[in-house]
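Right after this note come the structures.
Both complexes below contain chain A, partnered by chain B and then by chain C.
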Partner chain A sequence: MIKKIKITFHNEAFLKNIEKISGESITSCDQCGVCSGSCPFVEEMDITPSQMMRKVLMGDEYVMDNKTMWICATCNACTVRCPRGLDVSKVAEALRQIRLRKSIDKIDINKISKKDLTELPQIAYVAGFRRLTS
Partner chain B sequence: MRIGVYVCQCGGNISEVVDTEKVAKEAGKQAGVVFSKVYSHMCSEIGQQMIVNDIKEHKLDRVLVSACSPLFQGETFKIAAEKGGLNPYLIDMSNIREHCAWIHYNERDKATDKAIDLTKIGIEKVRNSEALKSIETPIGKRVLVIGGGIAGIQSSLDLGDAGYEVYLIEQKATIGGKMAQLSRTFPTNDCAACILGPKMADIPANKNIKLYTYSDIKNIEGTIGNFKVTITKNPTYIHPKKCVSCGDCTDICPISVKNDYQWGITKRKAIYLPLDFAVPNKYLIDGDKCLNIKAQKKSGRTDICRLCERACNQDAIDFNMKPQEKKFTVDTIIVATGYDVFDATQKYEYGYKRFKNVMIAPEVERVIVHMGEGTPTVDMGNRIAFIQCVGSRDEQLGREWCSRVCCMYASKLAQLLKHSANILGINKEIYIFYTDMRAFGKGYEEYYKATQKMGVKFIRGRPAEVIEDPITKKISIRVEDTLNRQIIESEFDTVVLSVGMQLSQGGNQIADILKLSKSEDGFLQEAHPKFRPVDTNIKGVFIAGTTQGPKDIPDSVAQASAAASKTMGLMNKGKIEEEPLKAFINPDLCDGCESCITSCPPNAITMKNNKAVINPVLCRGCGMCIASCHTDAIDIKMYTNKQMLAQIETTLKDKKENERRVLVFASDMCGYKLADTVGTAKKIYSDSTRIIKIPSTSRISPKLMLQAFSMGADAILLGDCEIKSSNYQGSIEASINNVEKIKKILSEIGENPERVMIFQFVTIMIPKFVMLLNEMSDIANNNKPISKENRNKIRKNISKWLFKK
Partner chain C sequence: MKIPYYPGCTLKTTAKHFEDSAIASAKEMDIEFVEIPRWNCCGVVASITDDDIIHHLAPIRNLIRVLEMNKNGVVENEKRLLALCSMCFNTLKRSNKKVKENSDDLKIINDFMYKEDDYDGSVEVVHFLEILKEMGFEKVNKKVKRNLKNLKVAPYYGCTLIRPKGIGIDDAERPVIFEDFITALSANPVEWRAKSKCCGSFLTLNNKDIVINLGYDILTNAQDASADLIVTTCPLCAFNLDNRQKDIKKKYPLFKEIPVIYFTQLMALAFGLSADIVNFDKNYINASKLIKDKGISL
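After this line comes the complex of A and B, so read on.
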């Protein structure tokens, strides 16, 4: 018996949408991995930034279920080194926006612990709310 | 004027659609037409003979053949005219087959009308033509080869062996270039010095080659057949005839500096021999480092040091040597100035020059050479990493090109390091961090496999940065293994940067002197990327080797031989012959405003006695200058203003009340050729189109377009090649500019700016061509016709609109 392999066709519309929001030509990513190597938070991520780019390129919408786009702090270490001149952080921002515009927050402000509230600097709240809540 | 008109039936191809008898009858009514004949096959032996006889019998001074495409049979009829004693530039063709019968086969009446119109256009064109001669200029057999690398050596030897007089100029003290500094060469692993050495030695042995090393090109003036070259021979402070290369002087010299021929990994003295196998094999003194010469320049003291002078028993040293200027004339030039390696300090994160154990690949070449010679210099340790694409394929540096050799030379260096370790019984771990492996050449893929087989580890990922351990001086690389999606941080003894290529500084200087154009990547631009790979925008100047773009040795040598044979082909005939398609200036009209001078890419226009003069040898006939002239002083032979206007006027004069005309000016290289192809494919398009052949769209000046509109044209389409494949650099950009101007004027007077358009065609765009021509005729037909007032307005305001300051 021949075992059939299930082939998922990629969602071109998703790729086009992300390209439109981010303004980056994601299809020209040549997967060199310099973004991942440069990323100071790559250890915290479940997929590397280059993998995130690849998944978007292949039109894989489930990329938004990964942690990577939320962990990205937009430090632009990847952007300044990308040999294809892509702004990877803008792609992560575009992915976040898709979720946030549907009013799906990454964090619940009410559930931040008292300890964190007293210890974290104010700038972290501002940046965090801006990136993680709608 | 006595014009003979022939209408060809093409064995039914034309006559089945077009009423050829009617065409001949109408043509016969035109002024000056002595007769008009219909014949079945004008291109046949009998048809040609008919033309020959008729020219003699009827004393014809102009002939028009209304038949197929002039690109197809033009030459045939030119030869026939010559046989009959008529100047070949006084015969022309109207294309009523590809541009009429084959595309309007569904509408016989309209096709006949169009054929009559096309024939009339042709008659007006020949009526206004002039007798011309192809241009001949004498040319000698002298070549200047700039650059003594492998490409320059190959070109010089090819030319010298063929008996041509070669001047080979090299900036450095020895020829051999970058190849002489390599260890071994891929994919055969043969030693560079061993295969290059004999070739270098052949240069002084060849009596046709005059070698000038340690020389700079100061200036080059003139044109093909007469380039006047001035070079400066820099002083070596040693008489080359007296020096016997014994080396006594070097031993005693107190000054020790970094040896740039060894990429700075070893030292040399201020008096030195550049390479063991240097050609010429003579010592020289580095004027910037020698104590005596430095003192002479600074304070005029001449008694400092002079140790080498005492050591030399040949009395060869002369501290008073001065730069010498030499002048000579050559007919053609080959530029083989080669490349410089990328300055890796620009890639800050890779730490070159900041960290001790980061090297660039050329340095490793020398390390391996010294290792092979048993005089090891740098210990590279046992864990070595190569980083690929340093200064290549990197938009952050504005360097998007692939340098083409780094994949292979990194594999080669890895193999050689691994090999030497195997001999010594040491285990060396070698990693190559790459983005893509490009093993494109003959035997390269096999070479790549051999490298993998030796145990060199290839890891796909571009390293983000390297960090030095301040104590152990080991280098850590941080990189993602993109195939494993794993972040690696690993320590190495040495990190080698595989640096890319860029046009050498010398190449830049030569490009400035000769006014050669460069491509986007900064290398010198060839005349055509496919078919003229060694020609440049300047006639008689050729390029070879890495001057044109990154290349490996086999490709450089191939191109060098190609450039040599191209120059031979030019010079061998003793004269240069070409079509008289040349712009010329009417001195009575020229007011000396100089605005044409900057419009000419090959710099053919100069000022003489306050009038512009065009050098016909340099002019390529693109017609870009015509647009710049506000007095109509510039014209172009074979396609004169008079001829163009006569053709336009004829077709517009007979336009009926409800008819529209789309004028299509098509360049013979692309647009016209495509129109022929469309005809052959028998694709129907609107019959309101009239295709007129031109050399290049830049010949159609804004003024001519406005004149056409004022005379009754409803739409104008310019069809040319793509910018990249155009024969005339800059011409299409200029045409696009011209069209923009006209669009602006049209919208200012309230007309649809879409009435004028330019398109860059490739000769396979058949559906696109049909669509565009239909689109243009739709615009002509669906819009209200341009009003009389507007046409008059255009006529009156042409010079005001185009040349206002």
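After this line comes the complex of A and C, so read on.
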């Protein structure tokens, strides 16, 4: 007997939106875990990059409450190894952009200490503000 | 050879010794860096979302300056733009690639910057190491005046110099260009695991602890590979691996400090340039004592 299974997404609109912003075909992720195994930040994350991909694939918007997307520093260690040619860092960026485009910043510039202000090079500020503020 | 040069913000301030040592070393190789006029910030990190075009304006505007320099005769038929900072290199090259491959995006950018000359995608963004490789590392070797044979050097590639594929200057997994460069300078490159592990980048702003943990792993791995010092191409890596050593020491009291210098400082040292050009005083961990202990006079 042939049994037909219809796969439906919990929230397909969310998945489509992330695919549109990131330009990545998230549905082609095999969940092989190479990204999680390559990520130098994985120990600091609450969910691994491959779990993040899975949650996006399932349309789980609560993935944006996880720390992972904010810890990804776009080092591209996963990107060069993904057997499906996916760029996970672009998915993390798309997730960040959903928040940032609503003017919800990750860091408050006014709260940076005076010590850091004098110590950090501008390259750190520009990069940080570009990735963590709107 | 005269080549348009993009310095970027940090090379004019906290990493001035990076620029100074690069310009002086390049002169020894008969390369003149011609700073592009009215350059602006590249944005440091590449704009990687598909629908974001506005953040490509700044890098592309810098590329238009290169076309202007050719038009005005400041340089002769030299459409390559040289970068020293690997983050600038990565950002400029990624924007360039984006508009070369998407003519619609290029048109939007050109229309938006209607007061500028149109950009045609003809500029090529290159890193100083690529230029040296192209000239031939044997030519670099001929300029060596101070022998560094007693020095074991760990080449730190980081991320932006070699990733992603299509942007990086060498193989993303097994790069060799930095090792070849160090060998040409008569020093000994060490083989080590963490040479392309991320230093934590901008997380130094809001997640210092992550940067400390990554830095500790990278630096101790270089020491385990018996490196005397680490060379880098990026001012942000330099900050995270050099200046953050005081924070690493606080968290890991047994940690022993190791100098982290720019690749051009090593080049200036090998080329026999003066101490004020090599300028180890500007690095957080001063390499002067190490260099002296290795029998190299500076």
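Definition applied: the second predicted complex is superposed on the first by the 125 of 134 C-alpha atoms of A that agree within 3 Å, B and C clash if a C-alpha of one lies under 4 Å from a C-alpha of the other, contacts with A are read in each partner's own complex, and residues count from 1 in each chain.
Everything below uses one rule, namely that contacts are C-beta pairs under 8 Å (C-beta built on N, C-alpha and C of every residue); 3 or more make two chains touch, one makes a residue touch a chain.
Computed from a predicted model, the values in this text were never measured in an experiment.
Look at A:T68: by the touch rule set out above, it reaches neither chain B nor chain C. By the touch criterion stated above, A:I21 is placed in contact with chain C alone, chain B being left untouched. Contacts of A:E119 after superposition: chain C is touched, whereas chain B is not reached. For chain A, the partner that touches more of its residues is C, with chain B and chain C as the two candidates. By the touch criterion stated above, A:A127 is placed in contact with chain C alone, chain B being left untouched.
Of the two partner chains, chain C is the only one touched by A:K90; chain B is not. Within the superposed three-chain model, A:S38 lies in touch with chain B and out of touch with chain C [touch as defined at top].
In the superposition on chain A, contact is made by A:V80 with both chain B and chain C.
Where the contact sets of chain A with chain B and with chain C meet, they give residues 43, 77, 80-81.
Every residue of chain A that touches chain C in the complex is listed here, in rising order: 20-23, 40-41, 43-44, 71, 73-77, 79-81, 87, 89-90, 93-94, 97, 106-107, 112, 116, 119-128, 130-132. The part of chain B that touches chain A in the complex is made up of residues 349, 389, 393-396, 435-436, 460-465, 478-482, 485, 487.
The touching residues of chain C, when paired with chain A in their complex, are 8-10, 13-15, 41, 43-46, 48-52, 55, 85, 87, 159, 163-165, 172-173, 196-198, 200-207, 210, 213-214, 235-236, 239, 243. Residues 30-34, 36-38, 42-43, 47-48, 50-51, 77, 80-85 of chain A are the ones that touch chain B when the two sit in their complex.
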